[in-house]
Structures are given as C-alpha cells and as structure tokens.
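Next up: some structures, all given as structure tokens.
The two complexes that follow have chain A in common; it is paired with chain B in the first and with chain C in the second.
And then the complex of A and B:
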C-alpha cells in the first residue's frame, strides 16, 4: 500500500508533501522519543508522533521513513513544514488520537515490527 | 495506472511561470501628446511595429504602424498619438501565468500584450511570443543543468584520486541548544554519503551515529563539531565538544540513563538512548570525556 492509499483509506489529511505519496509503506512505528525511532523504525515505515518540531523531519530522513503522521489534530511548526517541503518528506495528520490512528492503520494491514 | 493526464515539462512551465518572469522590462513608450510625425521616428529607430501610449505610468492605449499608415493616407498633418491610438487595449497582469498570454495571443491574433502590475495598475513591460519562447528555453536549460548536477555522483572519486591511501573528511559545525538546526549536520552527511554511493546500510548507520552525537552536543553543550572520515571500506565519525563532560562514562552507556533537562525530554530527546544507539550502529566506539573540559567520541563503521 502506498502512502497515498493509506492516507485516503485512513482519512489522514496531507499537510505537507502531496507529491511524494507514491512510496510503498513497509509498516509503522509509533514513539515520541526520537532515539527509539532512530533505533527501531525500519526503512519506509510511517511514524506516528506527537512532536511538531523540525527535528522530526531530520530524524525521518535519516532512517528514511515514508511519512510522518501527526496525531490529535496537531499542526506542524512553520520551520517543520519548510524543511519537509525542501526534503520531500510527507507529513500527514488526523484529528484522532494516536491509539485510534494506529488501530486504523493496523486494521488496514500496516503492521509494526515484532 | 492512474487516471492523471500527463503533461510535458513545457506545458507545466506555461502554467507555472508568470508573465513578469519573461516579459521585456525596458519598454519604448510614447506620450498621448506625442505627434504622429515623432511616432514615425520612434518606431523606425527602435525597429518596432507598435508601442504603448503612457501617461504618468498609466497605459492610455496602444499605437501601431498600421495606425500610422492609415494616418499618412488621410490624416491631418498636426495629429497627436492620442487621436489615432486604440484605447481599449487588451492587457495582462504580471502575476498571471504564461498560459493566459498564450491563449490571449491566439484568440486576438496580437503580436504583443502590454503587462500591467496588478496593484498599482502601472505599465511594467510588454510580452511577445518571442519573450515566452526565450523564457521557456532558459528555464528548461536551468532545469536540465540542475538535473545533471543532481545526477552527478562522486562515487568514482576513490578510483579517480591517485594515492596509496585516500580519505575524504567532512566536517559539520553543531550549534549548542539550537533545536531548530539540530540534525542538519547528520542530514547533510547522509546526503554526502549518498552521493558517494556508500552502501545504504553503512550510510544509515553512519547517519544515526552522527545524528545522536549531534543531538548530544546540542542538548548538553554550547556547540562542537562532527567530523566524518570516509575511506575505502571504513567510515570514522568523530564528535567533539568543549562541554561539561561526562562524569561516569560507563553509566552514560546504560540504556535509559540520562541527565537531560525536562524541557529537552519534552521535545522527545534525552531518553538515555543516544549513546546506546551509537554503540549499536558502530563496529567500535570510544568515548573520552573529562569533566569540565569536554567530550570526544569516535565511532568506526566497517563498510
């Protein structure tokens, strides 16, 4: 499933990077500790997080994630938007809290690494 | 297959590019009170077939060689441009896309259109088919060059450089406490390693090490440096700062141990995982730290 299909089916809003959504999603990872993302997220995973600061883009690029998903209707900081645009890192969002978003994604077959 | 219509790059560009980008800025103009006799000289000396009529930066009309010829045939000798010009002039705004001009030129069969600045309603230029062609070609050329640069990979550099031993060194300055810029060193290093076509797995390990080291410098010190040395088969990353130092190095490597301030933790850092991540990603890690002097970290990756 591509990021685009995932966003449509899970009703996620594309906040940044509408033209970078054709990447195949390999699974998901959820954390608000950046180091655990660095250590555990797999390439082309989607990352569900609460954080909004520009560093999430750097972290996502370094482990090469397919998209960042912001929870609870949170909006990325302006600097975050700029950097994500520059680097082509999609940021999606939903008004739902993390648990609900992850539940939907899991139900669609986007799984974590066990 | 998606149902999207495929556009060529040129088609895209005429939607993307604005009139103001390609128009001719320095426009020859005449005043309404200019005489038709003077107009002849203006058209002749500038080799143009028509010109806008302007008063106080406002476009009043347009006068062409055709108007001039008609006047020659039957007009009274003392005639001003204002009396013979076309007043209802079709214009475009400088912020409109080129596609707008293309369709207007086609529709009306004009050779040129005066360009008006939307806010002040002043004449700022003229746009012709030639301007559009030139503008598009220029943009395509820039795009092509950028693509060439982008396509360039420095992966052959080790074969091209002649020495018994070759090493490339990249240095990134890290500003302490600056969470806006934090991670930019590691991101740039990763791009550089991509250009060198370092194996993706080694590249990822190097980037994670650099990132965690960079974050430690940002969180705990007033700044420092990250240096990456790339040799055939080996990447060495050195991080150095003159910060407070680490009292108990062994404890610092314990997963979950952290001395980060609460506000740092709120940003998702200081989880006590950084050094563990570095150790996990490196084949060898050494950490030298003196309290009050600073910290030096060296991590090597065998490619």
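And then the complex of A and C:
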C-alpha cells in the first residue's frame, strides 16, 4: 500500500509533501522518543508521533521513513513544515489520538516490526 | 586575578518532589563545602522557590551559590537555566508558572517543600513541578538567553528527559551553551558514545537528589569569580578563562 492509499483509507490529512506519496509503506512505528525512532524504525515505515519539533524531519530522513503522522490534530511548527517541504518528507495528520490512528493502520495491514 | 573553582551547578533541593527531604538549604551548603566544592547551582524542577534560602545559607557559611532552574520543555527535555541575577531568575520562574499546569499529588510524586535557610519547612508548593511546561525547547533556551542566563541541556547521556532521548540530537540552530554529562559517564566516554556531542561544550554536574550525591561529579573552571558570567567566559575560552576538566 502506498502512503497515498493509506492516507485516503485512514482519512489522514496531508499537511506537507503531497507530491511524495507514492512510496510503498513497509510498516509502522510509534514513539515520542526520537532516539528510539532513529534506532528502531525501518526504512519506509510510517511514524506515528506527538512531536512537532523540526528534529522529526531530520530523524525521518536518517531512517528513510515514508511519512510522519501527527496525532490529536497537532499542527507542525513552521520550521518543521519548511524543512519537510525542502526535503520532500510527507507529514500527515489526524484529529484522532495515537491509539485510534494506529488501530486503523493496523487494521489495514500496516504492521509493526516484531 | 584568576582562580580555580570546582563547580557543581545542578543540585536539587527538597522542593523537587523526587529529591530527598534531607536536601534542605543549609544541609546542601554544608555537604558541598565538605566535598570541597567552591560553587553550587540550585536547579529544582520548574521552580526557583528555594534558591533564595540556599543563597542565604551559602552567604552565612561562605559558599558561592548560583540560582537556577531545571525547566521541562513540552518535548520533555530538561534544560538548566543559570542566572547571576535573582530578578532574572524570578522572571524565568514567572514564565514557567504561566506555562505549567496541574497540581502535585505528594503521595504519588513526593513532597515539594519550601524552606528557610535553616532547613525549616515554611510551605509546600502545590503546583505539579514534575510536569512538562508548554514551552518548546527552543523557546526555553531563547528565553533563558533573553534574561541573561546560561542554558545547559541536562544529562544528555541519560535515556529519559534528555535532549538526545527526546529529540535525538541537538536541533539545528539551538543556541545551547553546553551539554551536561551525568555521573553515568565521564566526559571523555560520553564524547565517544554520543557522536551528537561533537562540536558542543561538555560539562559534568551531579544532578544530586540526595546529600551524598553532591559533588560526585563537577566541572572545574578558571575565572575571577564563581559566577555565571565567568563560567560562560570559561566555556567560550575568553580572556584566559577556561574549563579545566
């Protein structure tokens, strides 16, 4: 499933990077400790997080994630948006809390790496 | 004339819910002197409420005391703000209070005791000091600097509440004055184990929550007085000031 299909089916809003949504999603990772994301997330995973800080873009690029998903209607900081635009890292969002978003994605077959 | 100062600038008092009740102003000052420290910094979680009492105890016992606060940012990153001027510290405190919510539950988190200089408890702080403020790490550092303070990222080598655990590495453009290495690692070890420290000035303080932890690690610097101003110069290597370890 591509990021675009995932976003449509899970009703995620595309906040940044609408032209980078054709990547195949390999799975998901959820954390608010960016250090654990950098250590454990896999290439082309989507990352569900509460963080808005610009460092999320850099971390996502290091691990080569396919998209960042912000929970609970949180809006990225301005600098986060700018960097995500520059680097072509999609940021999606939903008004739902993390548990609900992850449940939807899991139900659609996007799994964590175990 | 330049002198050498052993500085442990990250100590908690009994105002921090996670610190022992024994961490009264006078007890801290006496223990610090016993350990051979020349200057201590008081940095309770999200409050400077006991700083004045420790300063008084320090003046009486002959120990330099720097006022500070350990701010918890919205990303749950701990940042130390150290100030020479009590007025600036109180301005920082006001900003924290405007951005900190919740009430402490002493049974769950511990007591938050405000003391006089003789370690008598005069009041209990009711705010939830252990919580996170609504200030981003960038806002915290910027505000500390606007008020003339020094901003140090706490215990970056720890797995919780640190700049590295929460945000992975030092955010681009963050004007942090130094990174603190906890007693878990020596500064040299931390430099090897954490490549994210590269290019930043490293200091080491005890983050003491109990009396016996005071001075377990410290940073030695050369300057003309045991002040934030001189410590900053030492970090920058200005006017022959320097960090010695």
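Basically, the second predicted complex is superposed on the first by the 114 of 114 C-alpha atoms of A that agree within 3 Å, B and C clash if a C-alpha of one lies under 4 Å from a C-alpha of the other, contacts with A are read in each partner's own complex, and residues count from 1 in each chain.
We adopt the following convention: a residue touches a chain if its C-beta (ideal position, glycine included) is under 8 Å from a C-beta of that chain, and two chains touch if they have at least 3 such contacts.
What you see is a predicted model; the values in this text were computed from it and never measured.
With chain A as the common reference, chain B cannot sit beside chain C without a clash. When both complexes are overlaid on chain A, the residue A:53 reaches chain B and chain C alike.
By the touch criterion defined above, A:108 lies against neither chain B nor chain C after alignment on the C-alpha atoms of chain A. With both complexes placed on chain A, chain A has more residues touched by B than by the other of chain B and chain C. By the touch criterion stated above, A:38 is placed in contact with chain B and with chain C alike. In the superposition on chain A, contact of A:61 is made with chain B only, not with chain C. With the shared chain A as the reference for superposition, chain B clashes with chain C in the stretch 167-175, and the other listed options (23-31, 95-103, 113-121 or 167-175) are free of clashes. Touched by chain B in one complex and by chain C in the other are residues 32-35, 38, 51, 53-55, 58-59 of chain A. Of all residues in chain B, those touching chain A in their complex are 179-180, 182-184, 186-187, 190, 204, 207-208, 211-212, 215, 267-269, 271, 273-274, 276-277, 280.
By the touch criterion stated above, chain A contacts chain B in their complex at residues 32-36, 38-39, 43, 49, 51, 53-55, 57-59, 61-64, 79, 87. On the side of chain A, the complex with chain C involves touching residues 32-35, 37-38, 51, 53-55, 58-59, 77. Per the touch definition, chain C reaches chain A in the complex via residues 75, 136-137, 159, 164-169, 171-172.
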